[in-house]
Amino acid sequence: MTPDALAFWVLAVVLVGSALAVVLSKNLFHAVLWLALALTGTAGVFLLLEAEFLAAVQLLLYAGGIVTIMVFAIVVTERLVGESISQTNRRIVAGALAVAALAGTIVTTIWRQPLDAAAPAQTGDITRNIGLAVMTRYVLPFELLALLMLAGLMGALYFARPDD
Amino acid sequence: MMEPGYLALAAPLLHLLAFLILALVAPLRKAGRAGAFVSILCAAGALTAAINAWRAHSGDQISRIVWTWLPEQGQTLATVGVLADADSTVMLCLVALVSLLVQVYSLGYLHDEPKPALGRYYAYQSLFAFSMMGLVIAPNLLQLFICWELVGLCSYLLIGFWYQKPEAARAALKAFWTTKAGDVGLLIGIVLLYRQAGTFDLTELQVLVANGALPLAGLSIITFCIYLGAVGKSAQFPLHVWLPDAMEGPTPVSALIHAATMVTAGVYLLMRTAWLFALTPDVLLIVAWIGALTALLAAIMACVQNDVKRVLAYSTVSQLGYMMTAIGAGFAGAGFFHLLTHGVFKALLFLGAGAMIHAVHSNNLSDMGRLARSMPQTAIVFIVGTLSLAGIPMFGGFLSKEEILGAVWEGGLVGPFLILMVVAFLTAFYMFKAVFLAFFGLAPSHAPHPAPSHAALSHPHDPPVSMSLPLWVLALLSMAIGVYFTFTHPEPEFASPGWLMPAAVGVAVAGIGFAWLVYQRRVISADGLARAFSPLYYAAENKFWIDAFFEKVIARGALAFSRTIAWLDRYIVDGLLNAISAWTLTAGDDLRGMQSGKAQDYVYGVAVGLLVLLLWVQFA
Amino acid sequence: MSLDSLIPVGPELLLFTTAVVVILLGAFGARGAAGPLTMVGFLAAFAATFLVPEGAFVFNDQYEQDALAIFAKQLFIGSAAISLLGSMTMTHRAFRDRSAEYHFALIVSVLGMSVLVSARELILLFVAFELMSIPLFLLTGFIKRDPVAPEAALKFFLVGTASAAIIVYGMSFVYGVTGTTMIDAIPQALAEGHPLMMLGMALLLAGIGFKIAAFPFHMWAPDTYEAATTPFVAWLSVAPKAAGFVALIRLFVEGAGEAALVWMPAVSVLAGMTMVIGNLMAIPQQNIKRMLAYSGIAHIGYMLLGLAAFSSSGVAMMLFYLVAYMFGNMGAFLVVEAIAQSEKSEGMEAYRGLAQRSPLLALSMLIFLLSLGGIPFVAGFWAKLYVFWAAIERGMYGLVFLGALLTVVALYYYLLVARRMYIEPPDRPEPVPVSAPLRLGILVCLVGVVGMGAYPGPWVTLAQRVAATLFS
Amino acid sequence: MTGLPVLSIMTWAPFVAALIVMFSARHRPLLVRWVSLLGATVSLVSSLWVYCQYDYAAAGFQFHEEFSLVPSLGISYLLAVDGISILMCLLTSIIIFAGVFASWTVKQRSQEFYALLLLLVTGVYGVFVSLDLFILFLFYEIAVLPMYLLIGIWGSTGEVRPQGIFGWAFGRTGVGTKEYAAMKLTLYLLFGSAFILVGILALYVASGSQTFSFLAYEAIDFDPTLQTWVFLAFYVGFGILAAIWPFHTWSPDGHASAPTAVSMLHAGVLMKLGAYGVVRLGLGLLPEAAVDWAWLVGAIACINIVYGALSAMAQTDLKYVIAYSSVSHMGVVMLGAATLTASGLNGSVFQMFAHGIMTGLFFALVGLVYEKTHSREIYKMGGFGTMMPGIATAFTIGGLSSLGLPATAGFVAEFLTFLGAWESNYSWWLFPAVFGAFLTSVYVLRVTGQIFWGPKSTDPHFQHLPDAKGTEWAALGILVFVLLLFGVAPSIAIGPIDTATGPLLQRLLGQ
Amino acid sequence: MGLNAYLTLAAIVFCIGMFGVITRRNTIGILLGIELMLNAVNINLVAFARYHGDVTGMVFTVFTICITVTEAALGLAIVILLFRIRRTVMADHLDLLKG
């Protein structure tokens, strides 16, 4: 087994395991922490795929941003309630069945046709390429992204501000 | 001399004119007598026109005038017009005469009707006369059927003239429905015949028959259907039930419609289409037997009646049976001859009875008696009529009756012949029973019946001239006919055996004598007689349960069936519809459960939808 | 970058500028101006759409202004303007204090749609999609003190982001198979029939199915419609769906030709189910907005029927249907708003005896409902009929018949409203007061509905012309 | 042929009147009536004018008017009339003319009432004169829809006990109320129109031509299997409006609940739309299928005749009797059409006309009686003949016509139908038909006898009842006159009908 | 390691995320599920990009990540608002609107 493969399997196990923990753990805090782990695992996968830049972004934005917001949210709500929010699942069986079927379908579809087994050799500086692409070819979406974030944040502000 | 066709046409049109005037000019109608005079005037005109038409028409030359009534794809489907020949014109005269007399008579008879009602009465009368004449001169079966229905309508209206009387209202309906039932047959017959022959026109049909161009297959069904029409109108067994009830109408109406003219339409129809029936002897046999049967039953029932009008009604039925038998025997001429004479003297009898009823304010024979003293004129004319009916020589019915008997004998129908002899006896018997009870015998007070009504005690007297005049006219006419034919014996279409005439007369006289013994001399007690024939008597009293059968079984059955259908319609057919819609509504409610309001479930919905979609992608 | 190269994106630029100005004004407290300003911006943009040269490509072919795009933009902006007429007189505090946010969000969303319908590239498509959606969440929960509005916003948000995830997941597969994010590559790849391609497209179908609220992705719609402010809902029930349909056309129909027919079974089933569920569930509704929501879902079914034909006429008829539906549905919602303002109720009972209180309002409501019900001489009739006709061309007799039957069901609940308005006696005699802008809005819709009904010719030709470009 | 668009005038005059009534004549009841009357008169005059100006020698469709509506789909506003339509337009004009008078006494919200009534009539005319299937369908729905409000607002509520195995359903649908009747009628008829729509579209697609013109389709002979199905669709779709069994149940409830003029129009004219549709589109466009399906159409027609008559016999509510009699008589119409013979078709169309007038008369009378007695219970009334002789006479004449008594229009129609029935391939149809006529005589006279020509009712309410008066006479007079006129001189109607049925027949039996 | 492996991994994570969305009671928990789903998408994109030796996928990832964050922020804001007015974050209890 090549180191690549080994790494992949380890990451896969970590990722799936933590993902399951995220959706199943009884305590919301733990769930968030598990999510952090899952995201980090994803970053690992990115590294494995030689996308260092993305891995970084992943860690910063996700593991940084999201988790922080989540924790913040939990803290807020918890403070208001006064006791730690325990978190349970509903309709586990029905959900599990549907989702399992879904997964089954997708996976079988994926394996129907063997895709290229080996990745071509990496050429050039990916980070630079990404930057170039964003700034040239994908400038329009990028601009719009700014507007979108503005709108999103304004919405968040509008909802969250305790005024009026 | 004018074309007889137009003269014949003038007669009904005059009556139509009268009808329209009365119908449209409301004030005139509401004025009562004024309207009556208009109508009578037209009737008189019609009579002269009819008589002229009759005289104008010579020998067996036929005058036929038709106009297109119903076009189809460029050709003519049906025509209207007039067919004036020997038979139709003489029949026309009869109708015109009787209707005129009856209208005159009604002036007196209905003098204390409210004015508008009187106007209505004369309007109906004119309409009837118009339709009847239209029927008589009809050149084709369709026009005949149209007028056939119209006379039925008028009979309905006139029977129900006093519709505030429940019996009258019911009788009117009964009459209409019963005859209508027969008409269904006639209509089917006409339709079938059209398919067979391609025409409604009598003349053309006759030509077809003469050339043998008319396919015989299924012809007997057609003729039988046509005969059904006659059964309904001419009150043949078993559809005779309506005629006695029809006596609820004013007596003049009974005289005109239910004695002289309308009821004989059936006979007339068969006479008009005799050449067609001749092709189907089997049907003719049925006609004969039914006719004889009707004659017998009616005669028996007549014997047990105490209501003078019902006696006459049953005798009418029985006489119609006579005519039918003759036609069945294949000698329509004889039947028609009797139709004419019978028309005269039966009208006379009814009008006479009307006079009696008018006098004593009761139909019941037991409320009369010794009327000969108080109203001699009536007595005389009534007896004249009775003798004619009994078939006594020198009187109206004598020869026609004898001809019928001869015809039946010649036709080789021994059974019906014997029956008719019996009927002849019975006829004489019950008619003279009526005569003795009404005009002679004991005063009503001594009658064995329970105390007579006050009506009887009031002093009866002869009717006013407006009523007696028609009586005398008819009486003289039937005498005249009788005398004329007794001396100038016309050549019948057949040679009846010599013994026939004496036999017939003998039977009649025997009947009279027997009636004299029972009701005048009272050497034989009527009750004893009843007891002797008790089963028959009982049956006759119950009209042989025929009416009961129609009312209890058929009418009620139909009603119950219709109720079932209506129930099914409302609660099953419509119910199913409602059920479907209700299910739809319920489905809407149930589906709402799907919208649980929980975000997770919504996503679950998305997931499931996605799953299905992916599965489809997988396996399709 | 020279100026005239920006002409093709004139409308978008105008919208963008308006958005910026509005938000700045908001920041500087001139809130009252937001509404009118937005209206001006919309009108300007609307006018600009007519100047745009057709078929212009910009941003290295990622962005195309073809007939369809322009048509759709006119629809979005027009409907937004109408809904604005409705919201101008909203008296709620939020509208007084925070109108800047409201209008900003509205404009941004319209902008998102405008980009969406022009996008020829997946990333842009996705961004535009989100740009359209995110403001909608804000607008849905705009009355934030209201107990139900935020709930609706949450549901909308959760289901929405889930579907967004599905969409982008699908896009990833499409990208993976085609190796590019350009949409033009899709038909080619589909033709090769790579399983992952089909998978990706199916995911996309599901994701967009949420946006157009097709069964079973529709469940967010009724709740959202019920809770959100009516003028916004009037627009929400039309514009995003139109955008979704255009996206469907871009991804599944355009350039695919007959190959697109592989989706026919799926789409037809979707259409059938949507029609049935929408109509049946509308029957028992007592809140008229909810009723309209379900009937709207049913209408989506009819439009899908047109799409399912995957033919030029089918698409054309679907577009025609969209316009007819816009007028009818928005009109109805505006009347609801009018009633709600005076009666403080969105329940059916608020309509009792309306015909005797203010006949014209009742009449226009009746006309809108009849148009939705597909009755002759108003737009809806032609819409339904054309869709059926397109479907029958493909021999989908069964579906057409089903649809025709369901119109009867639909008429049942529309007539229930008519019954309230015309048959039942009024509780109060005085007429319903309607503010001027609202009147104008209703009038516009009325003119649209009746005009399209009386003389549909030009609209049909327009729709057909637009559709034809997709199949050439 | 003049340039005057007389058909459009005839069709749209009521609509214009409706608009005027709706928007200008508010709260001026008398003005409302006169405007409506004017509209009706214009239509009447123009339909008479068409009747006179039509070139019978040339026959075929005349008075063409065309105006392209949606060129891209070949939908155009194409009007023309042939013999049948002429007669139907005449019928419509007469009925609405009488109807305006009959509803002269409507008090509540009369303005809306007249507006809707006239709108309805526009739809009816439209169906009769339009040759573009599409426009025809359009008008068809216009004719159906106003019924909902007309019945819902001005209707009267009846009494039905929910029982039987579907009792629960009755409770759920609120059977008996006027709202129920209105909804049932409207939805049922629209349900029918769903079939029609599918049929028309199928023809359009099959024809492959860019037109909906009837004339164009006439020239095509469609593929037999398609014909089979489309004919079925048309038969069911239009048949529902013609109240074919078992799709007739809307008719009794609807007609019983509807206000006078509306029942007049609906039973008198709208039901004819159904029959007209079957004859025009079914027989006209799909001859082969028509021949194949004749057995079904005829058989169901026979059921209608007998079943309707029997149901009518059992009713105790006057309006229900009339409504069921309509069901029975429409059976005659359909039977005539099914015979596919000259007499049969003539009879069918003639019966459409005759029954239209007859039922119009009936419902007008029932309305009057109800107005004066406030009762529809037959067996509570009695002996009104003396108090209201005019109404009684008119009712009797109507009754006689409905039982097919000669000298009334009813007889000619039924007789022709009978002839046709016997000449058709299924001769046995004759017998149920004739039997039905007999049953009709039974229940009609039973009712007439009970209410008018019978012993007087002892009910104190019914002691002093006024006869018809003023405008009511106008309504009755017109109808009775027409009824008798067409009975005495049927060629007035047969003339036009022949010119239309002849070619139709050739087409039917051509192949 | 083949591309399929990465896709499979992504698929599984995606479905787990959806499972979370469907079954979690707590709104925040649902949000976590959504994050997982989007995260899986990223894996997909990057894997494809890598195996095509093409940068577009990575660019796409950048966009998705940003959008995800925005959504997360907005979502949490809505949660907090709801909590303020309805005193709960349990999606189960947020069902005033239904039927």
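The letters A, B, C, D and E name the chains in turn, as written, and every chain counts its residues from 1.
The rule is simple: a residue touches a chain if its C-beta (ideal position, glycine included) is under 8 Å from a C-beta of that chain, and two chains touch if they have at least 3 such contacts.
Because the structure is predicted, anything quoted here is derived from the model rather than measured.
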*Any chain that touches chain E and chain D*: B, C
*asked:* Give me the set of chains touching chain C intersected with the set touching chain D.
replied: B
*Taking all protein C-alpha atoms shown, work out their mean, then name the chain whose own C-alpha mean is nearest to it.*
D
*Could you tell me between which two chains the number of C-beta pairs in contact is largest?*
A-E
_Chain whose Cα centroid lies at the greatest distance from that of chain D_ = A
*Which chain lies the greatest distance away from chain E when centres are computed from Cα atoms alone?*
B
_Using Cα averages as centroids, what's the distance between chain B and chain E in whole Å?_
97
*Determine the centre-to-centre distance between chain B and chain C, using the mean Cα coordinates as centres, and give it in whole Å.*
79
*Would you kindly tell me how far, in whole Å, the mean C-alpha position of chain D lies from that of chain A?*
71
_Quick check: how many Å separate the C-alpha centres of chain A and chain B?_
103
_Give me the residue numbers in chain A that touch at least two other chains, ranges are fine._
90-91, 95, 98-99, 102, 106, 109-110, 138, 141, 145, 148, 152, 155, 158-159
*By residue number and range, which residues of chain C touch two or more other chains?*
123, 127, 130, 134, 137-138, 141, 144-145, 150, 153-155, 158, 162, 166, 195-196, 198-199, 222-223, 284
*Specify, in ascending order, the residues of chain B that touch 2 or more different other chains.*
585, 592, 595, 597, 599-600, 603-604, 607-608, 610, 614, 617
*Touching chain combinations (by label order)*: A-B, A-C, A-E, B-C, B-D, B-E, C-D, C-E
*Could you please specify the touching residues of chain C with respect to chain D in the complex?*
355-356, 370, 375-377, 381, 385-386, 388-389, 392-393, 397, 400-401, 404-405, 407-408, 411-412, 415, 418-419, 422-423, 455-457, 460-461, 464
*Tell me, which parts of chain C touch chain A in their complex?*
16, 19, 23, 59-60, 62-63, 93-94, 97-98, 101, 104-105, 108, 111-112, 115, 123-124, 127-128, 130-131, 134-135, 137-138, 141, 144-145, 150, 153, 194-196, 198-199
*Okay, in this complex, where on chain E does chain A touch?*
1-9, 11-20, 22-26, 28-29, 31-33, 35-36, 39, 42-43, 46-47, 49-53, 55-56, 58-59, 61-63, 65-74, 76-81, 83-84, 87, 89, 92
*Okay, in this complex, where on chain C does chain E touch?*
122-123, 126-127, 130, 134, 137-138, 141, 144-145, 147-148, 150-155, 157-158, 161-162, 164-166, 168-169, 171-173, 175-176, 179-181, 196, 222-223, 226-227, 284-285, 290
*Complex contacts: residues of chain D adjacent to chain B*: 160, 163-170, 172-173, 175, 184, 187-188, 245-246, 249, 253, 307, 310-311, 313-315, 342-343, 346, 383, 385-386, 389, 400, 405-407, 411-412, 415-416, 418-419, 422-423, 430-431, 434-435, 437-438, 441-442, 445-446, 449, 453-456, 490-491, 494-495, 498, 501-502
